[in-house]
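Labels run A, B, C and D following the written order; every chain starts at residue 1.
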Amino acid sequence: MPAHPLKIGLIGAGRIGSLHAEHLATRIPATQLLMIADSNEEAARSCAERYAVPHCTQDYMNILRHPDIQAVVICTSTNTHAQIIEEAARMGKHIFCEKPIALDLRSIDRALAAVDQAGGKIKLQIGFNRRFDANYRRVRQAVEQAEIGRPHLLHITSRDPAPPPIEYIRVSGGIFLDMMIHDFDMARFLIGDEVEEVFTLAGVMSDPDIGEAGDVDTAVVMLRFASGVIATIDNSRRAAYGYDQRVELLGSAGAIRTDNNYPNTAIISDGQSVHRDLPLHFFLERYTESFVRELTAFVEAVQHDQPVPVNGQDGRAPVLLAIAARRSLDEQRPVRLNEDF
Amino acid sequence: MPAHPLKIGLIGAGRIGSLHAEHLATRIPATQLLMIADSNEEAARSCAERYAVPHCTQDYMNILRHPDIQAVVICTSTNTHAQIIEEAARMGKHIFCEKPIALDLRSIDRALAAVDQAGGKIKLQIGFNRRFDANYRRVRQAVEQAEIGRPHLLHITSRDPAPPPIEYIRVSGGIFLDMMIHDFDMARFLIGDEVEEVFTLAGVMSDPDIGEAGDVDTAVVMLRFASGVIATIDNSRRAAYGYDQRVELLGSAGAIRTDNNYPNTAIISDGQSVHRDLPLHFFLERYTESFVRELTAFVEAVQHDQPVPVNGQDGRAPVLLAIAARRSLDEQRPVRLNEDF
Amino acid sequence: MPAHPLKIGLIGAGRIGSLHAEHLATRIPATQLLMIADSNEEAARSCAERYAVPHCTQDYMNILRHPDIQAVVICTSTNTHAQIIEEAARMGKHIFCEKPIALDLRSIDRALAAVDQAGGKIKLQIGFNRRFDANYRRVRQAVEQAEIGRPHLLHITSRDPAPPPIEYIRVSGGIFLDMMIHDFDMARFLIGDEVEEVFTLAGVMSDPDIGEAGDVDTAVVMLRFASGVIATIDNSRRAAYGYDQRVELLGSAGAIRTDNNYPNTAIISDGQSVHRDLPLHFFLERYTESFVRELTAFVEAVQHDQPVPVNGQDGRAPVLLAIAARRSLDEQRPVRLNEDF
Amino acid sequence: MPAHPLKIGLIGAGRIGSLHAEHLATRIPATQLLMIADSNEEAARSCAERYAVPHCTQDYMNILRHPDIQAVVICTSTNTHAQIIEEAARMGKHIFCEKPIALDLRSIDRALAAVDQAGGKIKLQIGFNRRFDANYRRVRQAVEQAEIGRPHLLHITSRDPAPPPIEYIRVSGGIFLDMMIHDFDMARFLIGDEVEEVFTLAGVMSDPDIGEAGDVDTAVVMLRFASGVIATIDNSRRAAYGYDQRVELLGSAGAIRTDNNYPNTAIISDGQSVHRDLPLHFFLERYTESFVRELTAFVEAVQHDQPVPVNGQDGRAPVLLAIAARRSLDEQRPVRLNEDF
């Protein structure tokens, strides 16, 4: 254990919270996870026990008030993110918050303002973990080092193996805020530019229940960046073959594309076909390493007082894009980002 | 040679005309190429000599009037297609015509009407050769046999290694009518449905001259089919790595995608990278077999009096799509196909 | 048709003979196929009719004696090759002969001596068509241009989808002379060196009938080249997934490997696996282009009086290797090529 | 931390020892690493500090005598493995020992006898970590579940990016005992059978210093299994493109092959080629997960009193194969495993 580990409190011990707890406890040596909070006391306790975390609590204010805790990791439900950010900022804690900050811009702006008022003394990083994935980093590197010249066209494919429970869909904010938000972030990250206009085509193709809940299950959004780059993002809630996460970028001097990750490289040829196993099934398997890397990057940014790799503005922009994409769908027209939202 | 070969006259001995002449002379045994016409007499003569065609002429009417010639293959410049179709139909010749029939709907409709007036006695096939390519046929087969369930999302990538001469661009009708027209046809062919709405984003990204000529060099078009299927088509006039021709289709039970064709399968690993040679460079190399197959299919349709695989309506629809895509770009809005054109 | 086509007679109108006839008639313009001979008169006639060849005969001497015929293509059964080569050489005809020249070295040496006595006036090319395949040519190019440095290790995989009829096996000369002979040639071609030692392990693994016929159905041979390069060749008479034809070469500066050829590039992902269609099924589909190219190369060598790409010595060496490989199997020891055979 | 973690002492804090220490400390929760021993006191201390191990020592007997320590992980130099196994067995410790047990069969047999004398009360697992790699496990699964029928032919490719220092080569026991030993184990593991005969071709192709040290840098060994399966293993000390670790297995109903692992899936197409980054560079990157899994399996076997997945006989057999392979090279003949060794 290092001389001065970063002392951390984790708020929200659900699926993602438990994952971060595991990584903090076992994979990121420069930290000490001191306390876990969850409104479900049993969830907090069992998570703390599993990872030998000394304290657990039902009230996350116990984390924010704890004098030794330097940073918080917020993994609660989305509708509480903004307020906890505000409170944590006021208490002077560094903040790692899961995406999205909120489903509306007003809440986001208030949270970011609270962080700003700390005058640069606290860090806020948003959990867009895919930026830390080896495939996407390689694409970004190709852009930065001009391996494929200037970017012209980007395609992002992002499909889930199966939709979440319909109860979740109802409170998720819809496919654009819940699912495509990762891809909006990815588009900004890969191109390194801001979007000016979006256009959406979408429908209910596989799960009528999703339609009844007022959402769509399949969507394609076109983006026009300030630099003129054109991008498409396609999302489906149901890909029969599993989790499909690929990008493809054409530039003036070439193109780069990534494939999915697979559990093994074996190719089997039999009397019917030449085949391989399905890709890694879902985000927990597929993005394990990027979850570890994003927290490691946050810890390092705090410990060496350097800029976080995904800041508050990076948390706001994809929410705006998601809202605009939905408006485009509702009003059946291209929507410019400088409209009123 | 078969007992009763189909006797053919070829009109237009340019690049595509010469290719068809070669295939008729060497690869399609059930035909006899009797005469070649070209307004450039020398072009007609040299092509006839190369493939041992008995007659050549400067005036294509000599072909239309020749009593033994049963079918014509029209490879002249686009602006003459519609009129030659009308004339050939009146003379009772079966017609294979290169795409597009014309750059405006009025000319197309007049040509199709002339064919209709023959009362089903003559065949008209349009030269959308890519429908006969093994990769695309495999995708179509997957749709027809429901290997991937019902189609949801289609992506077509179609990029040229380098733009044609700027003089050609000027008279080409623009990227939508000249280049993307193949992809509009491909989208209809693969999905087996009609498009209801298009939206275009496009720009001049690599070749300013093309912009000065009033055209774009990079374009993405979104299509909404009557069945709800969403498609994107991306075109670039300049892909540094060569000819890029791929499709990808997501369905309710899976997905299918094609890769490019390569001159060989060799993979070289050296101290820098794991690499292979660039894809087949351009359409003459890439689509050789599909050019042979489309003419073979035409000959068989004529000889066995069966429907042609790409009829007059299949020639008209992509032109309408191209015109709508350009209007969408000009007016920066989604365009419905039932507007006035 | 060119001014002075090479006038050719084809001897043996079986499967390979018909293929060569088709290629000469339709794909290789610089030739004129004048006569086809087959001891089965009906086979000769029907083949001649199909490709519009003016003459057919039961007696191949009619070809050898025909004053206009400049070259013969020998596609008869193996046991007649050597004698027809001798006779054709004496009649001053250029000779393209299917592999192997013969199953014993004495016959081969007599045939080659007859060609030598013509004092360089006639060409003899042996039908090792795989040398003309795009994949293997690319590997050879990598060696010639030192893309992977000096060769160290070579692996050749060569498997048939299913064994030929047991009657064929009985007269075939065995797996080494009938099947692996292609791979012995390939090893010499790719490395550009002579083999000094072979060692064989083999067995009857899939088809007991083949064992009863005194042959093996699965074999691996190791080769040591004069330069020290080590190679392995594996053969199986039965690969459930079809025709498997690959090589892999390690050099001092890298490695190159080829994959099989497929009927299309489509990849299908469904609920079970990510799969593609089986490779091209057998040699007629897989090596079509290489059959065309080898005859084209022969015609050009004759017409421009240049060395043939696969000469008599290239026909003899693989037979010696096959005989040595069988001896190694029978005597369970490594066999040197400078032993008495 | 679990209620009753397995208490472990680690002997040898070099490259592999440090790796195991890291995994025990951070990735395998069911254990507690109590003490680290290394004859280099500083190495033991720094490794203990890095992973918060409470004790370190220069004398590994302090580990063997420690009453709380239940299991030892032996990572010392090869020439000490057998003796430490004997001593640890006498002290009743469970043993995980790096490969190979020893370079001679006598030492191995003495060590295994000591373990046997414990009467089944202690476990001995040998560190053939590659058996735990996802790719090879998938191949083994295909064999066990008869996905490809009965095995016929196996090819193992195993090449290092660059040779170790020549001082290491001199004491390594040679390429067969130091490097190919992994592949001998892999062959036994994948086929699930014993080898009866080996034949070796090998040479000094890339590093003359290795030849002067009495070793070879490139080797191919053929194996004949009792069941008749034929295998080849190729090793090179120097593959310009990095670490190359692949297998390929033909069975009666199909074939399975694995590819290398890569740092990312990105494919770049530029004006020269279609390329990807080199494979993961060496065994520490390539086999990280399999190192974790083998120790986890050992811990589980001890804790649940189940058979270890790689036992003492699995440690002996590859050494015998390596000695036989070297004899085959020296005497230039196939060597049977039932000869005197």
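In the analysis below, a residue touches a chain if its C-beta (ideal position, glycine included) is under 8 Å from a C-beta of that chain, and two chains touch if they have at least 3 such contacts.
The chain lineup, named per UniProt: A, B, C, D = Inositol 2-dehydrogenase.
Just so it is clear, the model here is predicted, and its values are computed rather than measured.
Chains that count as touching both subunit A (Inositol 2-dehydrogenase) and subunit B (Inositol 2-dehydrogenase), per the definition above, are C, D. Of the two interfaces, B-D and A-D, the higher number of touching C-beta pairs belongs to A-D.
Summarising the inter-chain layout, the chain whose CA centre lies farthest from the centre of subunit C (Inositol 2-dehydrogenase) is A. Listed options A-C, B-C or A-B contain a single repeat of the C-D interface, assigned here to A-B, on the basis that more than half of the contact pairs agree by residue number. Spacing of subunit B (Inositol 2-dehydrogenase) relative to subunit D (Inositol 2-dehydrogenase), judged by their CA centroids, is 58 angstrom. Mean C-alpha positions place subunit A (Inositol 2-dehydrogenase) and subunit D (Inositol 2-dehydrogenase) at a centre distance of 39 Å. Counting only residues that touch two or more partner chains, subunit B (Inositol 2-dehydrogenase) has 148, 239-241, 244, 253-255, 269-271, 277. Every residue of subunit A (Inositol 2-dehydrogenase) that touches subunit B (Inositol 2-dehydrogenase) in the complex is listed here, in rising order: 148-150, 152-153, 155, 157, 159, 197, 199, 201-203, 205-206, 218, 220, 222, 224, 228, 230, 232, 234, 236, 238-241, 244, 248, 250-255, 332-334. Within the complex formed with subunit C (Inositol 2-dehydrogenase), the residues of subunit B (Inositol 2-dehydrogenase) that make contact are 1, 26-27, 29, 52, 134-135, 137-139, 142, 147-148, 253-261, 263-271, 277. For subunit B (Inositol 2-dehydrogenase) in complex with subunit D (Inositol 2-dehydrogenase), the touching residues are 239-242, 244, 269-279.
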